[in-house]
Every structure is written in structure tokens, then in C-alpha cells.
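Below, subunit A partners subunit B and then partners subunit C, in two separate complexes.
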Partner chain A sequence: MLAIKLAFKNLIGAGLRTWLNAFVLSIAYVVIIWHSGILEGWNRQARRDMIDWQIGGGEVWQKNYDPYDPFTLTDAHAPVPEKFQEQIKAGKLTPILVTSGSFYPEGRIQSVLLKGIDPQQSILKLPAGSLQKDNEAIPAMIGTRMAKNNRLKEGDYVTIRWRDALGTFDAAEIKIARIFKTSVPAVDNGQIWLPLDQLQNMLQMPGEATYLILEPGQNPIKISGWQHQGYDVLLAEMDEIIRRKSIGGTILYTIMLLLAMLAIFDTQVFAIFRRQKEIGTDIALGMTRGQVIGLFTVEGAVHGILAAVMAAIYGIPLLSMQAVHGMAMPEGMDDYGLAGAERIFPVYSTALIIGTVILVMITTTIVSYLPSLKIAKMKPTDAIRGKLQ
Partner chain B sequence: MENGKLITIQNLVKHYPMGKGRFTALKDINLTFEKGEFSGVVGPSGSGKTTLLNIMGSLDVPSEGTVRVLGSEIGTLSHKAAARLRNHNIGFIFQTYNLMPVYNVFENVEFPLLLLKMPVKERRQAVLDALEWVGLSDKVKSRPKQLSGGESQRVSIARAMVKRPHIVLADEPTANLDADNSHHILQTMEKLNRDLKTTFIFATHDDKVIQYLKRKISLADGKVQSDEKSPGNRNPESGHEIQ
Partner chain C sequence: MKHIIIYFLTTLTLYAQYPDGNVLLEKIDRNMISRNKIIISRMIIHGRRASRTIESKSWIQGSEKSFTEYLSPAREKGTKMLKLDDELWTYSPSADRSIRISGHMLRQSVMGSDLSYEDMMEDPKMQNLYSAGVIGEDTLLNRSCWILELQAKVPDVAYHSRKIWVDKTRYNILKEERFAKSGKLLKTTDILEIMQADDRWVAKRIIFKDALKQGRGTEFILESIEFDAHIPDYIFSKAALRK
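Moving on, here comes the complex of A and B:
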């Protein structure tokens, strides 16, 4: 208690030097919290968007389906089991049929995944309702990336080609009924969404699906030949990307922290050199060497407290404002395959804030303690006279 | 305490390493100090005065011989025990005052009592009393840089006296002061010695201090040359020498 009281007095008395150090350290607090908050916000948003647009509450795969191997698509379909029908009718499960094909935008051939979706579904955010029957052509919807890459716009007609269940090639004209904007590239790039029943007819696979998507919160019915895939599998890739991003973030804020610690370390070394006389006097007045080391260590650590206060003063309004307004992300960033919205809203959890404060405090204390050990080697008789040692 | 003796020094020798050899700062010193003394170790620079004071103050240890302060043998004390001895029983007055620049006068004087963990109310009264003894009751809030040399040294005296120690060790307390201020602080210390029976031991070569001493131990080349008690030859009111 005495050390804290004296440390505060000494630091406040030291004036500008203390506040400069505290300011540098406060930047470390704010940057670490801001950066982690952005990453956390981004991660949550990406997961939420994947759930909303792509995977719902989980998927039930036909046993041959492997999303990473397009060759499996030929065999990855089967009639939707009767036991699923009740959930499908209730809108808690929706079937998706997938096949590979090609299409010819502006006369060029492009590989594409044709996906059939129920226009009535409401599990995913995909605007499947726009796939209403059209007498002129098969209605289709594509994402903005797909539209941009192939110079397609709503109302355009384009030819698609596929092979049906019997291996016969067939072709038809589709009309781009809707171009949707999503932050999830996995439902956009290289994909054309068609009405499920029409795709089933085109492929001669009536009542069949490749996989089904569950409504969030729904439990799957276990049926032979169909495998439930939960978030652990469906979000594994995303979690891996998040983990790698976190490592990058950790490196960044370790550098920030090291810079701040360098300032504290230098201050401590300088203070011990400059305040030798004071150290000698403290010992003459009855402090033990341990108490003096404790005092200097606490002084260093108190920088952490002052910095936290300072960071709170300018950091809370700054970070709160960003939490409300979000941070604009550059266009085309999600072309790299990571779901990213136009604006990222950072998330600052209590654990993040408390964790950062504890981390900075512990690091500051250690960095303050190390140079203070020099005090133990000082001869008080020389220190009192301020003799260089 | 042994037979009323606060400090007993027997066959004290102090060496310091110097290059490949060593330098002997104190040679075979034998002295005793009793309660209430107002004495001084006098001699030229390098005679070993400060070294002797430092050892008596448990800031340094003897190379040979024994030094007992209030029954504790300095050479055998741990760092903690030495700190405790200084904290409870010894006050220091330094040539350069050694006040904490970031503390005000009150806080500087209060500092030793904080180490003694004295309760707030008692502590506050003790500090105010000490400042009254040295005539600085009106400077409670001043910072050291706002004080003159004489005032700074008086704060230093108050800081040394505030815990009512048995012994005050003053190393060249007047070296940075003019004549008037020197007499003023010496009178203050003499009064405290008289009123509180505190033992004052000076290390000095300043004649202004020497004329106040009731016992003068002369040191040269680390050896005691003489140890004489004197009645004092100055006017106790003005502090000026009587011709």
C-alpha cells in the first residue's frame, strides 16, 4: 500500500515524463483492444453471414457428397427420404440439388455449379423467392461477383449446359432473374441458382437432393445414407482462417506492446540512474533494498494504471463510435475468399478489455522490475552522494 | 545500550578495494558515544569522517573490529535489521539536504513515519511538531525547489528528528550554507539536543560547527588524533564566537 502511495506521488511529481510514457502505453491499450475488437467483430460477422447465407443450422449430406471434390457430384444425389418431408413442409429443412455444368456468357464457355433451391425456402437469406416460374426461360439467380466476372445483369439470357442422370448432355436458356449481393463468396462465385423442381426435371432426378440445410436450432433426423454435418465441420475452414488471423493480430500487438515496454524500460533505467541519491536517501531513512526495488517496480506498474485511465479517456469514445458506425472495408476484399461485409462492426468483450489490461499490467511490472534489480547492487553510501555506479 | 553507551567502537578498521590493492580509510578506531552527546568527528577531507559516520549509521560495515549501536553489532546485521535500526533509531542529515524533490515539505518530513507505519493522526501531529521545532510551520506546502538552502537543511533536520531517534548523524550539515544560516541550524540542533536529549554526531571540518561541539574527535588519515571535551566558547544566544 505504501509503495503504491509513494509510487503515485513520485510519478505525478515527475510530471510530463510520466504522462508521455503513460500516453505511449495508452496507445498500446487502445490499439490492442481496437485490433482485437475488429478481428472479433469480423469473425462473428463472417460466421453469422455463413450461417445466414450458406449453412443454416447445419447440413445433411447425401453420403457421396464431398464439396471439395466436384467429381463426386455425379453420384451425390438421392431421393429425399420420406422422414425429412415433415421438416421440409414445416420450413425447417430445405433440399439443395447440385450438379456441375457449363454456361456461355458472351460466347465463352465457363464451368459452373448449378444449384437447385426451393423458391419457398426461408432458412437461408438467398432471395430464392425471385425464382418464380417464367414461361420464357428458366429463372436463375446469381451473386454480384458471378455477375461482374461474366458481365451479366438482371434480365440477361444465357445458355447453360449439363448432363442428366442418364449421362445425356442437354442445354437450355436461363434468364437472370435476380442478382443478389452477399458477403459469402461460397454461394456466389461460379454458381447459378435455379428453382429446385426445374433442376430436378432437367437432371431427371425428381424428388432428389444432394444435401439439405437445417434451420438453426433444429436437430437432424438420423437416416441411413445421409450424414449430418454440424458447425464443427462446416465452419472448420473459417475457424482456421480466424485462428491464422488471430496469430497475425497477436504479432502486431506484441510489437505494439514491445515498443511501449521499451519506453517503460528506458524510463526505469534512466530513473534509477538519475535518482541514485534518492535511492540512497530512502535506504538511509530506513527502507530496505527490497522496499526500494518494490517502490520502483510499482512505479513502473503504475504507468500501466495511468495509461489505462488515459486510454479510457480517449479510447472509450473513439472505440464506441467505431462500434456504432463500423469500419468500411475495401471493395473486393471478399474476393480473397473470406466472408467480409462492407462494414465491420468491432466487438469489444469484457474479457478482451480485462485481458488486455491484465496483460499490459503484468508486462509493465516485469519490465519495471528487471532494471530495478540494479538497486540491490548499489552501495547506499555512494548512492547518497549520487556517485555514478 | 551498554552502561548508557549508545555507540561502542572497538578496534575499527575499514578498507576499500583500490585497484589491485586496498585503501585503509579507518585505522584502529576506539570510541564510545553516550546519550545526549553533541559531538563531532572533525578533520580534513579524506580523513575518514564520513566513513565512520556511515558505519555508525549502519550504511556500511566494518572490515575489522566491532561497532555496536544500541546493542546491535553493525557488522553482523542483515540488510533488513540494519534498515530497521536506521528506521527506528537513527536520523540522517546530509550536506546536500537530500530532500525528495516531488514531495512538499510536509511529505518529506512525513516520509520516515510512513515507513514506521505510524497512524495518520499521530503522524500528522508529529510532522507539525517537527516543523515547529525548526521554524517552518508556514512552509508546509512548499516544494524543496521553493526553499532556500537554510530552509532546506531545516526540513532535513525536521525529517531526521520527526521520529525522535536516539541518534542523529549529520554529515557536513553546514557545508552549503552561509554563516547566518549555519548558526541558525546549529542553534536549532543544539536546542533539540538539549530539549529532547537526542545524541548528535557531526562529521565536519567547518569551524562554525566545531565551535558548537561539546566533544571534538579529531581524525587524520583514518586515525583518531585527539578526543577532547570542551565547554564551548560561544555566545549561546547569538551563536557568535566570544573573542
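Moving on, here comes the complex of A and C:
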């Protein structure tokens, strides 16, 4: 307790030098918490959006389906097994049929994925209900990115061309019945959503699907020829991106901490050099070398406490404001196919804040302890005399 | 009732004047298919901004084997394509690798043209794929021709129906339209010039066009054609791709 009291007195007495050190350290606190909060916010938001718009509670893939290999689509379809029907009727499972095709916006040819979805489904947020029967053309829905890239709007007609199960070409007009806005590019870019039964007829694949989407919380029925894919597979790409971003963030934190630690280390070395008489007097008055080392170590570590207070003074309003208003994401992010809303709202967990404080405190203590070891080698008599050691 | 009988009689009389479509199809195939041939041609691919010309030499044996080597431009020079029955291989000199084109890749465009690899792979014997009926007459390139409507007789054919304009005496195709199952026009082939080679009549200048796409299509110009030429067997081997 005495050591802490003395440490505070000494630090306050050091004036501007203490506050500069504390300020640099406080920036490290704020940056670490801010960056981790942004990543956590992005991660949670992306996972939530992917579950809502794309993967539901998991997917059941036809055995030949590989979403990363469009060449598999030709063979990746099979009749939906009877055992799935009960879950489908209860709205706990919804089949999706996928094929590749071409479409011709403004007379240009473009490759596209045609996806069939049940207009009655409610597992995904996709507004499939807008795919109501139309006598003039096949109703279709696309995302805002697809609409923007191809200058399409609701009510427009466009020609699509595909091949049926036997490889024969077919073509028809589709009507853009709905343009939906989503933060998940994987259900938007290069995709046209059609009513499932119509796509099944177009492809001559009645009752068939490429994969099925489970309602969150539902357990899949195991059937041969169909493979269940959980979040560990479906969100793996997202997790990997966040992990890589975290590594990039760690480099930033390390630089920030190094700067702060360099300042504290420097201050400690300077203080020990300048306060040799005081060290000698302390030992002469009966303090052990360990107690003196402890005093100086605590003094350095208290920088961490002061920095935490300082970070709280300006950091809490700043970070709270961003938690409310969010951070705008760069526009080109969609090009990488990453799920991300226009604004990311950071999430600052208690574990994150406590973890950061502990990390900074431990680092500061270690950095303060190392120069103090020199005290152990000092001769108190020489120190009292002011002889430089 | 009298009108209906007259209508049917007139129609029957008209159809009676037309030859059998399937017989015509056989004659067309006979004109088109030879034991073997060597062709030198140019393909002009008209893009949105510019056009590209690709020159090639092809060795073709029956309907099963063909070997094509691109002669120009410099970028494509040395690229080769080998078709052996239903297998297609391409060789790129820059990568020094042979790749088998299969499955979905066969649907890709050849060198950015309006033709797909699959179009090139298609069985040229139309009577194997379609049954034909004559539906009318027309005049193209100052030649009198029959209009034939072809309906697929096998299920796994790329185009469900076709319409072809055939010279009445020379039995060469002067125009073609390919349709989707829905009846939508997908591709057109317009013959702009014909030439005689030995005792056959062949198209010298052709425009292939994706009918759903804007643009001027792909022009094919036949520079020379030699029927029943001597083609050594090694040409139709994978080893020839690397030579």
C-alpha cells in the first residue's frame, strides 16, 4: 500500500512527463478496444446477416454440389428425398435448385446463376413471396448490386437462356418482380432468383433440388446422397477473414504498445539514474532492495492505471458515439464477396475491455521491472554520496 | 365444310409438291461430309469496340476427328485444338500445356466468338439428330432453295429445332436459324458467299450470330478447302498438339 501511495506521489510530482507517458499509453488502450470492437461488430453482423439471408440454420447439399466449382452444377441435383418432405411442409427446411445460365441485359451476354426458391419459404429473409405467378413472363428477383451492375429496375423484362437436364437450350423472358437490398453479396451478385416450381419445369427436373436450407435450431435428417453442412463449414470463410484482420490488428496494437512501452522504459531508466540518492537513503533506512525494486516497478505500473483513467475520459464518449452511429464501410468491399452492411456497429464486450486493461498493465509492469533490476546491483553508500553507478 | 375440304386439299397439294425433308437432309449431309478435308480459314470476331481476326488451318477426318492450328495473330499462333470423337483437347504454347475441355467448359465461347466448343463438337450429320420437313421455298443469293424445319429426334441435342434454307440443286445450306425449346431464336447463320470446291458447293463467307445478343457476330471466311487429301494419322494424336 505504501509503495502505491509513494508511486502516485512520485508520478504526480514528475508532472508533464507522467501525463505524456499516460497519454501515449491511453491511445494504445483506445485503439486496441476500438479495433477489436469493430472486428467483433463486423463478425457478429456478418454472421447474423449470413444466417438470415443465405445459410439459415445450415445447409444440406446434394453430394455432387460444390459452391466453389460451378462445373459441378450440371450434376448437382437430385429429387428431394421423401424423408425431408415433413420438415419442408412444416417450413423448417426449404429446397433450392441452382443452375448456370446466361442473361442478356441491354443486348450483352452475361453468365448468371439461376436459383429456384419456394415463394412460401420463411427461413431466409429473401422476399420470395414477391415471386407470384405472372402470365406474361417468369417472375424473378435480383439484388441491388445485380440491378445496379446491369441497369435493371423493377418491372423490366430481360431474356435468360439455360439448358435443361438433357442439355437442350431454352430461353424465355423474365420480369424483374422485385429488387431486394441485402448486405450479403453471396445471394446477390450474378444471381437471379426464380420460383422453384418454375425453374424445376424449365430444367425438366421436377421435385429436384441442389441443396436445402434448414431453419435455425433444426437438426438435419441424415440421408445418403445428401451432406449436412454446419456453420463450421458455411461460416469458415468469414471466420478466416476476421482471423486475418485480427492478425493485421495485432501488428497495429504491437506498434502502439511498443511506443508506449519505450516511453515508460525510458522514464524508468531516467528516474533510477536521477534518484540514486533517494534509493541509497531508502536502503540505509532499512528498506530491502526488493522493496525498493517493488516501489519503482509499482511506479511504472501506475502509468497503466493513469492511462486507463485518461483513456476512459476521452475514449468512452468517442467509442460510445461510434457504437451508436456505426462506421461506414468502404464501397468496394462488396467486390470481395464479403458480407458487410453499409455501416458496422462495433461491439465492446466486458471481456474485451478487461482483457485489454490486463494486457497493458502486465506489459507496463514488465517494462517497469526490467530497469529497476539495476537497483539490486547498487551500493547504498555510493548511492547516498551521489556517486554515479 | 366445303371451305375446310378445299383448304385441306390445297394444303395436301402444296405438300405433295415438296420433296421429303429427310431425303434432302441426307443429300445435305452427303454434300457437307467428306472422307477428309483440309481447310484454311479466317475468323473475324466483331467485338463492341474492335474486331479480331484469327487465321487457322484444320485437318478433318469424317465427323469424328479434327485438328486445328491457329496461325495468326501472334498471340494465338501455335494454339491447337484436337477433337477425337467426343473428347476435345486444347494446347496453349504459352503455358506449354494440353487441357481437356469437358463438361461445362464445352459451353464456353471459342476465342470470344459467337461459337461455343460444343457447337464445334456437334455431330455434323444432321440426319442423326433431326427429322426434317419442307415448309416452303425462298430465294437466297439468287438461288432457289427449300426451307426445311428440323425437329430434334434425340433428347440430348443442343438445339431443339432448326430452320435451314437449302439450295434446291446443289444441296448446300444458305441460311440457318437455331431455336430454343420455347421457340425463341437463339443463333443465326447467314451465308454471304459460296464457292465450288471439286464437285461440291461450300460456304465461303458465313456470319454466325447469337440472336439474343447485340453486335455483328462472328464472320468465318473460307480461304481454301481440299477434299479427300492425304492426312497422316499422327495429326489426330495428342502428341501432335505439342509439335
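Keep this in mind: the second predicted complex is superposed on the first by the 386 of 389 C-alpha atoms of A that agree within 3 Å, B and C clash if a C-alpha of one lies under 4 Å from a C-alpha of the other, contacts with A are read in each partner's own complex, and residues count from 1 in each chain.
The criterion applied here is as follows: a residue touches a chain if its C-beta (ideal position, glycine included) is under 8 Å from a C-beta of that chain, and two chains touch if they have at least 3 such contacts.
These figures come from a predicted structure and were not determined experimentally.
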Joint occupancy of subunit A by subunit B and subunit C, clash or fit: fit
Which of subunit B and subunit C A:Asp239 touches, first, second, both or neither: neither
Partner chain(s) touched by A:Gly107 [first = subunit B, second = subunit C, both, neither]: second
Partner chain in contact with A:Ile12 - subunit B first, subunit C second, else both or neither: first
Angle at subunit A between subunit B and subunit C, C-alpha centres, nearest 10 degrees: 150
First (subunit B), second (subunit C), both or neither touched by A:Gly286: first
Partner chain(s) touched by A:Asp266 [first = subunit B, second = subunit C, both, neither]: neither
Which superposed partner A:Glu154 touches (first subunit B, second subunit C, both, neither): neither
First, second, both or neither for A:Glu342, with subunit B first and subunit C second: neither
Partner chain in contact with A:Phe71 - subunit B first, subunit C second, else both or neither: second
Three-chain overlay, closest Cα atoms of subunit B and subunit C, distance in Å: 75
Touching both subunit B and subunit C, residues of subunit A: none
Residues of subunit A that touch subunit B when the two form their complex: 2, 5-6, 9-10, 12-14, 277-278, 280-281, 283-291, 379-381, 384-385
Complex contact set, residues of subunit B against subunit A: 50-51, 54, 57, 59-60, 79-80, 83-84, 86-88, 92, 94, 96, 98, 100-103, 107, 111-112, 114-117, 159
Residue ranges of subunit A touching subunit C (in the complex, touch as defined): 70-71, 73-74, 100, 102, 104, 106-109, 159, 161, 163-164, 166-172
Footprint of subunit A on subunit C - complex, ascending: 103-105, 107, 152, 155-160, 178, 180-182, 184, 186, 210, 212-215
